[in-house]
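The structure under discussion appears below in the form of structure tokens.
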């Protein structure tokens, strides 16, 4: 680990070499939108919303996975980057079946928030209308694949924090989907400890507590930060 | 000064957006001084005039009649608004898109009825399209006002901005599902 | 084993291989073998007397004329018979042992296909028996390894590679010497060398041919690389769809170990190196190096963002050198003859030779090797024999699903990493698909996008969802229902997916669309304006 200097949006900032661009930007109150990233989990770099321009790089890099280097020159916001991010949101909306008005997470959804933040007011792409299954076999929780954006936070929190490794991704391409215990229904999972961490970190209404009506599902993602503090990390 | 002509239409939706329009309450009087409804569920006009200043569409395009109306609106209206989630993303009506029309018919008119199972087709009943589509995937749309329904405040803001000759940014006030 | 012992084997094998009156070489690589050439070989071996050597060899190149059988009766007079069948064995016997003229279709060895190639990677291909290590040793095999182990320090090997100017043959074209230097400098108790043999481009079969025809070349290349970068373990990641290559690799590893080219204290030095095979389950994305590493680790074959590069953080977090089959195939000759020798071949920035797989609408489908800087037109019309059935050439697709289509006007370009990139395509691994005037370019783009869509791993949004939408738009345009708005959305998607995708698969997925839009835009426009019949599946 070494101390270094870089430039973000014209601002010269100090950082240490074990930090990512996103870490440094956050520390300096520079907002970079994220979706799959969650403080406390290993960065995934899959949603691509947090891409930023780095001088010398042939194309934008995901700021959550790219470590800072000495003299790096980063630009977090350009018209082009904004249009890319907006298109990513359109893609996520077109891929799933996000009917916000009847969703338990309506009003408390990170996808919804991002769409508003980035002024994504309609989806130009045709909806894929995929028929995704639902798993409500668990006593306390439900999984609605229609609302899943494949951020894999549930997979990561289950493996990295709870250590149960119940969740995984199956299928490839647009057929990718979350499965519990190699495809057994969640309710019959041997590895699931019913801790509910996956529900709390899920950014949308895909993983939810049972018994909630529309607008009622409020997630407590901050428990991770609390855990980290307790562990002195 | 002549009034701005406005046409509204209710496609596949719950009419909640039109209700929300009425929820502007006393502000309707102020608005009514500047606009004139030339075609709308609010008024008793059966034909859409050939030229209208502002068109507002509530609801998704689900059947052939919806499609015809959307095309007509685009042709007549100088400025077209998609009002509410159904018009913008299909919303609840589009939840049938996971299934074929046949499956929907079977479920609704055969499996779940005890008397006279029959397909709702025939003269006077517009045929359903294979998938429910947002308005902008059928005709170009100029402004999108999200919400289920968009609040009266949002609609008031959008209208007053347009009347003032400015282009409003509804995302500052509303979102999908709002 | 030391150099003297090696030379002893070499001389012995040479003597043995010259002790016959006549020689028959039957190609037993995948293409000819699929036409039962191995049975022809066995039948001949049964039939011929002990004065005739019957040998199964690797790819002779001209796959479209297979099964190929080369017969040498008088030294220096080689005859190549094409399309040989099982019932021809008798005739061949008479031709060889009784020296009667055989009335079988012959393939001229004076034709440009054979005359105008320059072989380094394929030098032993079609010459040696891939299952006999002594045959490889006879052709100077393992000389480079022993020389390097006894005479060079690792840094000297790296310098030699730098001097050679060799660039990665897997597609990216990253300077091999530079990659080696990075891994060499990385500090770690454990380092790995991986051979990427997950060849997946449609119509490409260069790596397969090398593995099937000359597997020891790869093992020697990997061992030299391991010595240079300080690695002690190696993996060959080969797709399970190449059973013959896997079988020959396994045998080659076993033989190399028994002769002491792999294992502990190789050639009496402190250098240890073991090689294992890992099979890929057929996912195209596992050819991407970070996904390949994940797959070897037993994880889902998905890429991770770079940096960090595998040279720093690779297999199980250790510094890892990943090179492609063809890159490793170049190593032994470079160390044998020197980096300067290699650098004297090719263009200023692209050195050496390149193997190409010719496929599609071309007379001579098969495998060729030419120096970098060779004119594209000569590859297609001279070596390749041009387009069959009197049809006109339209375009050549290079670089697989990551590449692009190059039209007639640009055929005079000299093949190099730079020139192909400038033309809107890429070198890629070396697949060339030739298209004639009947090819529909929107349909070609749609085909490649369908490939990318079904091979996308699903990790990142732009590739996972973007390829589906790009495919659907291309499908609409090809069917005649596309609009101007579709076309502009397609162009926007191409830019966005190319710029924001996580790995090379997504980043290059738009290339076939972009290059056909660049050179054949009128076909898109005509379909949208309904001036042309819909382009349906060819």
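Which chain is which? They are A, B and C, in the order written, and residues in each are numbered from 1.
Note that in this section contacts are C-beta pairs under 8 Å (C-beta built on N, C-alpha and C of every residue); 3 or more make two chains touch, one makes a residue touch a chain.
Only a predicted model underlies this, so the values are computations on that prediction, with no experimental measurement involved.
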| item | value |
| --- | --- |
| Highest-count interface - the chain pair sharing the most C-beta contacts | A-C |
| Taking each chain's C-alpha mean as its centre, the one farthest from chain C | B |
| Centre-to-centre distance between chain C and chain B (centres being mean Cα positions), rounded to whole Å | 58 |
| Chain A-chain C separation of Cα centroids, rounded to whole Å | 39 |
| Separation of chain A from chain B, taking each centre as the mean of its C-alpha atoms, in whole Å | 33 |
| Where chain A touches two or more other chains, by residue | 124, 126 |
| Contacts with 2+ other chains: residues of chain B | none |
| Chain A partner contacts - residues on chain C that touch it in the complex | 283, 300, 304-305, 307-308, 453-462, 464-469, 472, 489, 492-493, 496, 498-502, 507 |
| Chain B-touching residues of chain A, taken from the complex the two chains share | 93, 97-103, 106-107, 112, 115-116, 119-124, 126-127, 129-131 |
| Interfacial residue positions of chain A with respect to chain C in the complex | 44-49, 51, 59-62, 65-67, 80, 83-84, 87-88, 91-92, 94-95, 124-126, 128, 149-150, 168-169, 171-176 |
| Residues of chain B touching chain A in the complex | 82, 85, 88-92, 94-95, 97-99, 131, 134, 136-137, 141, 144, 146, 148, 169-171, 175-178 |
